[in-house]
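Listed below are the structures to be examined.
What follows is a pair of complexes built around subunit A, which joins subunit B in one and subunit C in the other.
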Partner chain A sequence: MASYRKKALALVAAASMATALAACGSGGGSSNSGTKAGATGGTLTYYIKAALEHTDPQRTYVGRDITDWSRTVYRQLVTFPVSDDPTTATTPVPDLATNTGTSSDSAKTWQFTIRPGVTWQDGKAITCADFKYGASRPFATDVVTGGPNYILTYLDIPIDSKTGLPIYTGPYKSSAAGTAAFNKAITCAGNTITYHFKKSWPDFPLAIAALHMMDPYRQDKDQGDKSNYQIFSNGPYELQGTWDKETGGTFVRNPNYKASSDTTGSRKALPNKIIFNIGKTSETIADQLIADSGPDKAAVTGQSIPPSYYSQITGSVASRAASVVSPYTDYAVINFKRITNVKVREAIAASTNDTGWVTAGGGAKSFKEAHDIVNPAVKGYQPDLYPAGAGDPAKSKQLLQEAGVKTPYPLTFTYPSSDTMDKQAAALKQGWEAGGFKVTLEGVADQDTYYTNIQAPAQKDDVIWAGWGADWPSAITVTAPLFDSRPNLTPSSNGQDYGGYKSSAFNALVDQAQGSSDLDAQTKYLQQADQVLAKDVAYVPLDTQIFYMLRGSDVTGYKTDAASNSYPDLGVIGVK
Partner chain B sequence: MSQSESQMERLDTADMVDVVDPEAVLGKSPTQLALGRFRRDKLSMVSFVVVAVYTIGALLAPLLVKIGFLKPELQHQNLLNVSLGSIPKTHFGGASWSHPLGVVPGTGVDVMSRLWYGITFSLTIALAASLVAIVIGTVLGIVSGFAGGIVDAVIGRLVDLTLSFPQTLMLLALSSAGVVACAKFLPGSASDPLANGFYEVLVLGLFGWPPITRLIRGQVLTIREREFVEAARLFGASKGRIYFKEILPNLWAPVLVSFTLTMPAYISAEAALSYLGVGIHPPTPTLGNVLTDSINYSVADFSYFFYPALLIAIVVVSFNLLGDGLRDALDPKADR
Partner chain C sequence: MLAYIVRRLFAGGILLVAMSMITFILFFAIPSDPAQFACGKNCSLAQRAQVRKGLGYDKPVAVQWENFAVGVFKGRDYPDDKSLAKSAPQLIAHCAAPCLGYSRVNLQTVTQEFKQRIPVSASLALAAFLMWIIGGIGLGALAAVWKGTIIDRGVVGISLVFYAFPTFFVGLFLLKYLAIKWQVFPVPSYISIADGGLWNWFVNLILPALTLALFYMAGYVRMTRAFVLESMSEDYLRTAKAKGLAPRKILYKHTMRAALTPLVTMAGLDLAGLLGGAVITESVFNYNGLGKLVVDSVITFDLPTVVGLVLLLGAFVIVANIIVDILYALIDPRVRVG
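Coming up: the complex of A and B.
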């Protein structure tokens, strides 16, 4: 899915830039459920607030963009199908490959056969070499930046002890030894591509369905960083003209796409044209979609309705709004350098006013209280890990007493400041103070450097806000990257382990999970690992974000599902 | 050979044509005369009372917070409707006897407490920024007007330069770095109200002095030719003495008027800057940051938006009218 980081920052920026008095929303008088499958044709507009950082497949790491490109321009070896059933929607189906891959050597080797008859937008066939070239690009860590880099740690290429990175440094410049190692790690035999990994990767198909890192890429189209906004399609649409970072782009039908070569059933490609419109604020988008006139009748958006607009979502407008649980979770990390006494950490968890946090953030349509850092839609979720609720101040006070510390115990909480987050933080403060703490709120106004600051090993806050979305629907992309001290903690940075958490018991369970060759065993170890985190109170889960999005009245077949990261699924959406 | 008595009388009355009752003028200082004129102006008196009420309220607020009458941070989330974006459940922003102006959406904090306490912070910022601007403006104005020559030219260009500076842009661009820099010299961290408020005061004040300098310089140009200044100079008085003991006491009228006109400008500047994310952040309330938060709710919860906007409008208008009234009273020759 997405590195949550980008999305979190975009959200926060939105809130702080909140503008515009609401225009009067006219009901419009049109009534359409928007659920029946529509006919082909028409123009769909997709409103997005902030500019995309990349459209390059190997550099795409935002959940919304991943699903948009999967359904329109970038086909994958395997993909997640459109489905209301979360399990089906997160089970890969063959796309550019003929099957979902065969593994051997305890999931260290994966083999796929490329489907015959699949082509690029210029009519040339997609070959095994294109896949191999695509997989080589993330190794150029100085050029192809911003995307997922799991392949660097998994692919069987020796590590350069000086840089800590693989000796292969990408297709643009690499040592002969590096290139040779890469050629051995990914091999092509006719239409069959084989990946050789260092360690077991039982959920490899999940990873490549959820991300675009292993997508094919045409070597003759690659201009390195200059290709950042290039879109060379192999899906049902192609880009008309060029992509404009500030305003977006228009997609028209790709004449060389053959529906017969696509068995996923998830690319109905109903609209003749899809316009990505970038640059309007969430408030403006909500105003326009409530008014529902002109091209906005055939519009969808990736932005949630701001809470102050909820009271306007009534009557016919309400029938055009959909609310879904998103794959994104927010949580508070406890700084282990500052709070070493586990009883104090338990007291923090006990007095966390999660209900207040959710209410201050806009209530039930904005957030859901979280019981686990792992999202409910992800394998390994445990609903009873944390109690959530309004907190238990009495228990917290008792724990502080048992800890033998002086009360009120001083506590600082840091978070990226915005109108909404300031209120949410105030709610947490009130809960913690009732539980025997004296809280100082450190709202950080500079959103761009928030994560850089909390990664600093010297950072002095006791409790730290952070957000995360699983990269693919397995807990291995949640707790392991966030709390495994070995890849994270270095003298210069805490990596994603913002609290500096270090536990050999946890790390051992992660090793066992990563070493498992089947998914169920892996999930079992990850759940045990998560229980270790909960026992140590390494984090306190705060919320699961809810997406609450409007659409125009002429939109048909509207759907948001697990396969589309809860964003509008362009595979089935059409216009009247 | 001499004029008749009746002619004398006519001349006398002609000289004092704007004095209704000559007896009333006798023995009154210019200050008393000005006060008299001010008292007769009803609008000025009303605005003076309003400003006085705000000031007394601002002075009392910290005390009222301490004794628990105002609770600017206590949350009552049970008064909110969580299925409608956490806006208050009842009409008029959730107004009730215990929360006469309603509660804040999201947190359920008493709006009256936030606004009342917010006035304290807003007025403090405006006052401090005004003082910075007035002190710099007056000193530079006196020096510039009295010294003349190269000093006057340099200060004049400095005024031009400051006026041509994109002030708002700079305030925004440097805000995070500026606040961090301020926090280094102050107790507390960069997210504290103190550092943020200090930065705001500093920048508002440092960009606010040029008009005052120009005004004061004009006044000084007329004063420096007066006999008492000549006399002081002939006695060998130091420059400092001439500036601050001879000239400054004659400038209190324009300084006072400038002050009452910069105050409202800075009160609205504080609100505008809050909207742009500069200045004191919640949970510490200011009129500006309460208004900024309420703008989002202008449709969903209108009364929450209405009260801060109204309070800012009243205080800004009152200060402006007060300033106008003072100017009229102190300088009756100015055209209305």
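Coming up: the complex of A and C.
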């Protein structure tokens, strides 16, 4: 998944607009949790720069929105709790279910019992049928688009050889055979729902805590695409009026929400009202929060402070800034069609000036050097996989000599051009050239088509920049979608395997991970798979992005954590 | 005159048809896939194909354009899926004639989008237009009359400064200092007269309108000054002076009238362009007008909105040209249309 820093790219890219589970922690001297917990009442404003693409639970796929909705309007079977401890914050707790689910048949079958007394905003009970209906919606792939659709590949429904998709085509129109298959794959017995998968899904609870794809949905409220901005709540708040795509919406208390039915401890619902204000530029949001007057005193944002404003973040303003490690990792992939000699790839990795890349990008307030493509908060992270640092030119030259290639070795690097990225690319170029390469930088001005271009099988650049974040806190949502050649490489596209990497050893380990019924065993296989990638130098991790966010002085209990994807956690934030 | 207007309107209609065709062709010529964008992450080729079908982009471009053209006269259903209409009619959105299309990004017909956006852009354009016309022509005439003096140099110099600064800089500067830091004005957001009354509508318009007006005003100061000076050297004005006409009468009745003719052309086209949205100003001040819609619809590959906007903005310019030509005749008796 791509980061917000590259929003324009993310809009277009296949690797875009997804959720992520974030690392928590502080950097740059600021804190990720500040001010004491507050009392109930008041109005909190949440500034968001760009319009949300969806508010439909099955279509929501942006980390910030997932966590905002989890805390306010969309409860899940299980959810991630508020916690400063990344492990606790990424361990599911029961929410609408009575427990975190029980699995059988090598994690191919999962069963949950729905908590009694949980209701929708109109007071009607949330039923097993609502969960089943919610799970059916992503199968309408021509209507409910843009969301996470893992259920299509997991749920035990035969594939239609004509379309390559499940024979069940969603609740709006499907064949009798498709509907029957779906009814067999998900069954309701009273308040107990059972999911039958065609392959093991040991981290299913992680997936449904991290995403809203399996949330309940009321059939009588469904108008397909027309429901994209409808919010029908079962959480502590409800939408007042309608959601305006361009300006946002106001949430007030949901009178039918019973706090006693919520044991997560993660929905304190302190403000009486939450206003989502959409459309201001990052600069204006920063200006307003720095000025800290009027309603802005009780405002938060998920928008990072623009680097040009860093010099203004001093004194009392600095005490209102949080610097948090984000869930997003940037990395460089090596084009395997062009750089076939592993020694040359090793030389590229050895001479990568990661320190220079981070410094040129704004330093510790913007980036942190990365040691793995897997984020530090994600299961399977290996802190010693890559050394990072300023690079080792001498080692690089030696490797090139061992490769038996003529030096300086010509190398092209493509990336989406911007003022910052140009400087960062120049830092990489310096490191690589010191290591025996002759580098040509290929900055792509048209950021909207960047990902489409690097997916082309005839891609002519040697090293390619990309960004990603995990869909749920498991490496299965990082290395597998990015480097498994089987679903990615087709005659017309490299998919998300931008470098055209193909490895039977890696694919075999992914298969073993996907077949594991145990989460720890799965993680072990994925770590081994990541080591294969490192050995082949399929990628070089560059940075983990830092979120550097301001808040108003009347905000209480401010917190960002792994459960909130590093964005302000509305579960505990209040106002004076 | 009537025949002239009808002829021009007919030519304008043909131009709009051509523009819609070119937009369709260009939309599908760019190396981006709207289906991939809509499908999102983790989208297989099979899913993408389904999304493409759902969006109606699987049909040949000519068929899509034909459907669009038919929809303008007869209206259309979105999605145009008869089996879906039968099994789940609540999913179908009807776009009544004249249907310019239905935006699956904004979940409304393009004409509904325009109804919401035009008042925003029109308010901004008209407020800015009044500011720059009054300021630009007034100061330009002043500079011409006081040619060579400190007033002339001061007016021309300051106007050059505002002309040189990019609009986004002036906008952000006004927003940061006048609204956020010194709080002389509220942080602007568009409030319609119906929702907030005339005063709120006006106060919230001042900064964005001023941002636009300062840029345009600078050009109009320079042009007015040049046209007035040129007119002042005409023989008939010398004659007027020799006949003893009052200087004020010479300026207002004879000099300005001649100088205004080219300015009317400029003003008409500038206003038409602005009615179509001020992209940067609307983005800086978060005014959800047509300019912001242009940017958003291009970024989100929203073909129906893109086509609708091209036609609307094209229509603005065509109509403005016709009005300008007619105004020519009214202002300058030497000009005849026909």
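Keep this in mind: the second predicted complex is superposed on the first by the 542 of 576 C-alpha atoms of A that agree within 3 Å, B and C clash if a C-alpha of one lies under 4 Å from a C-alpha of the other, contacts with A are read in each partner's own complex, and residues count from 1 in each chain.
By definition in this document, a contact is a pair of C-beta atoms (placed from the backbone, for glycine too) under 8 Å apart; a residue touches a chain by one contact, two chains touch by 3 or more.
All values reported here derive from a predicted model rather than from experimental measurement.
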Subunit B versus subunit C as contact partner of A:362, first or second or both or neither: first
First, second, both or neither for A:147, with subunit B first and subunit C second: second
Touched partner set for A:426, first subunit B, second subunit C, both or neither: first
Partner chain(s) touched by A:417 [first = subunit B, second = subunit C, both, neither]: first
Touched partner set for A:442, first subunit B, second subunit C, both or neither: first
Subunit B versus subunit C, judged by how many residues of subunit A each one touches: C
Subunit B versus subunit C as contact partner of A:311, first or second or both or neither: first
Contacts of A:61 with subunit B and subunit C, given as first, second, both or neither: second
Set of subunit A residues, in rising order, touched by both subunit B and subunit C: 16, 18, 283
Touch list for subunit B against partner subunit A, complex: 73-75, 77, 80-87, 104-107, 109, 175-176, 179, 189, 191, 277, 281-283, 292-293, 295-301
Residue numbers on subunit A that touch subunit C, as the complex places them: 1, 8, 11-18, 51, 61, 141-143, 145-150, 152, 163-165, 171-173, 222-226, 228-229, 245-247, 279-281, 283-284, 287-288, 291, 293, 448-449, 452-453, 471, 481, 487, 490, 492-493
Sites on subunit A touched by subunit B in the complex: 16, 18, 21-22, 283, 306-312, 355-356, 358-366, 417, 419-420, 422-424, 426-427, 429-430, 440-446
Complex contact set, residues of subunit C against subunit A: 30-33, 36-47, 49-51, 53-54, 79, 83-84, 87-88, 90-91, 93, 104, 106-107, 172, 175-176, 180-181, 183, 187, 283-284, 286, 288, 292, 296, 299-300
